[in-house]
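Each remark here refers to the structure printed beneath this line.
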């Protein structure tokens, strides 16, 4: 079954960070990322009752479709496709290995959709290292995934932008964190925090 | 004959005060008075050679026509009509009494043209008291005319605006000097200064 | 001051040159930029001439052409043109049927056009536009200002002139359209007269000027920035009070931007005013939205309501072919 | 932030309501404001659908009508619309001859339109507009942005669709017009996304952003404010370098304001560019001046040059009846 608390927390984190995300997108993009993510988060929160009755896979698909039909911009198709793909690929309940596999499928779907590759200062630069940590497995996984997500988002600041709006900025994007990457880190962070606080001390159940 | 030095000084004073006149018109009008007066002053200065060969009456008419055809706005017709009327009415050389008569005719012409009356915060509120001082005659006339002109311009600050653009401002015009009045004071001041410095100690030759 | 200019002194003439080049199929620029005239004057037609200070574009030059003005005289920014310009324009476009001047009620425009009218030797008449209800008329004022309603007068009288109406009829029509038209505006920011180089007025980040004029002149009062609905209510309230229309009356609505306000906001204002006029059971027969009578880059808008009947609606709908208004042909 | 709005959340829908009310003779608003469509679709005609983030008005909604678009999907301010909107629009305007999407080259628009194109069950094709030469194309970028040239593609392809051209021919025509069209812009001030509440970028009082995008995205470089002639030289230099036209070539010139720049300055830019194109012995066959592809209230402008031949000129001149472009009928 879908974990409503995790969904509520992850979406709420995005809503709470709307100004930060706006500022990041203003620095290297067109300034709408915060509002886009908030619109998507609110659309998901409006469906919490419906989601509560769904399986993890159904819920991921519902959330993906909600993103796709309410967000627009780059984030709509990107987060939508990611969630829909995860919904297709994940067993319920998921294992870390299964999550790694599903995330790999998600990254491939995004690459097909948006023609971006890892290293081009998009949220792929968070998803890819996180996928690798999951695939590797091991102890303290939730904490390590969380740290990896935030560190990877921060690391986008050093990258030249070559996809998305920031691509028009070229070298001038240097020094600024990619807003979509920050969003992904916030979502992953919220999920990992939730899992950790709940599953202590079972550190393996990411 | 036209007094080229007086004309040069009077027009130059306006050009030198362009920013002040702009600021006055920005406060209660549309901000173009400084530029309007400068445009007229430059048009007159461009005709100095021509003016040098003209009688006082011809020169006043030439300057009036130059104002009329280059300034536009309220100032164009107002200063144009004033100068043309003075050119029609003045004997050459003029006496103070003749000047008082000509100025009275000028004020009447302006009242016909612009439908404004004394007391409505326009340059009539400088011309009218100056005319009265001239009509009164007496000693130190240039100095008294000069002082009257500046004091009268200053006094427009206390008036409610009821003609010209500032009329739309109503009570809010209170506290601001009327720009056209200030221009007239500057012109009269320059002329009086010129006459005084030249005619010392013959204080009657205004 | 941030503007796309080369030199403040030549701004107007360079801009007129660009305008004439861009619309060479419609207009010709008079000698020395004194006026813009319709490329092909129509013999036997009363010539319509307007003009005023520049900075309100597309008014008036953008309204020269078939079905509207025969000539427009552009003054310096916010400064009435000179009588010379009006005389030169009249000479260029009069075809013997006389000249009708359309003049916005500002003392500068009134005096300059009046001098031109006195000097001109052909038949002529003048329609004075004074549609701005922001400042109450009183015996102590020059009267109401002429603002965005000028467009409506020029369009309707222009159509009547095009169909061949005579000078007296056009003058009467212009006066009656003006009487049936009322406007009021609001400014959120100031404009900057290029040659002055700094904003005409200072205004706080949370303030607006209610009843502002199209030169950035002060209006009724400086108040806190309000919602679009509240602004629409105040502007249309003043307008409707002035016009006192009967329920069922057909009106033309003009939501006019001052130059710095995006279309998106203007259409939002259309929506707001629509609701109010609906509430008064007035019928919006026609609606024009855009920046037509501007104050350089000032942010803000004006609302104009003009009471229409079948005859004036037909004249509004009649073909027009100018740089800024273009329909029916 | 100073805007004529009630509530940031409802800004778009209120504005669309106003737009639909103002142009009820031309357009109809789709359910929930998902799209604006032509009031009377033409049976058997390929349906042209465009769309993109709002804030660029009149693009695209203002170009819906006879001879141009059949529908436009407005996204939130500066945010691509969703595939749902495009699907709903296609369903509303497809008359069996297929759908042509006209998409500006931004990753958001590209992905959303692509998803719609994959889901749609009628014949469809997509023309991608990428006329902005400000940022050099390279293997590492999404490519060039789609900016004011979009208007030209929509007008010319729209006229061809109106006369009955088929989907493949329209797609080929759109691609070739896009290829013959190049644009570049400059910003003097920033725009403010309503929901963000503060300017998208900070810019000094004496600076300008050369090569700015229509979302206020950074351009080539931030430089000292230059004269209109110098700006025109840099913009048209980059454009002409990209197009490499032969002397004698006929072109369409579009001088487009970004929303906060008065017409007076835009015409001055027309004059400046005219001199430059004359110097290259290019023939300006048509010229359009105005704020058509805007960035909210941003001050600045873009120059677009599009190489034309007799066929495309005829399509440009063909009748059009939309809220923002209107001629020939």
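Going by the order they are written in, the chains are A, B, C and D; count residues from 1 in each one.
Note that contacts are C-beta pairs under 8 Å (C-beta built on N, C-alpha and C of every residue); 3 or more make two chains touch, one makes a residue touch a chain.
According to UniProt, the chain labels map to these proteins: A, B = Dihydroxyacetone kinase subunit DhaL; C, D = Dihydroxyacetone kinase subunit DhaK.
Here the structure is a predicted model, which is why all the values come from computation and not from measurement.
Of all chains, B has its CA centroid at the greatest distance from the CA centroid of chain D. Centroid to centroid, with C-alpha atoms defining each point, chain A and chain B lie 74 Å apart.
With centres taken as mean Cα positions, chain C sits 32 Å from chain B. Distance between chain B and chain D, defined via averaged C-alpha coordinates, is recorded as 54 Å. Taken as a contact graph, the chains are arranged in an open line, each linked only to its neighbours along the path. Interface residues of chain D, counted against chain C in their complex, comprise 2-7, 11-12, 14-19, 21-23, 54-55, 57-58, 62, 188-189, 205, 208, 225, 227-229, 231, 255, 259-272, 274, 284, 287-289, 291, 294, 296-297, 299-301, 326-329.
The touching residues of chain C, when paired with chain B in their complex, are 53, 75-84, 106-108, 111-112, 114-115, 134-135, 140-142, 145, 193, 195-196, 198, 200-201, 213, 215-219.
By the touch criterion stated above, chain A contacts chain D in their complex at residues 22, 26, 28-32, 34-36, 39, 68-78, 113-116, 120, 160, 162-165, 167-170, 172.
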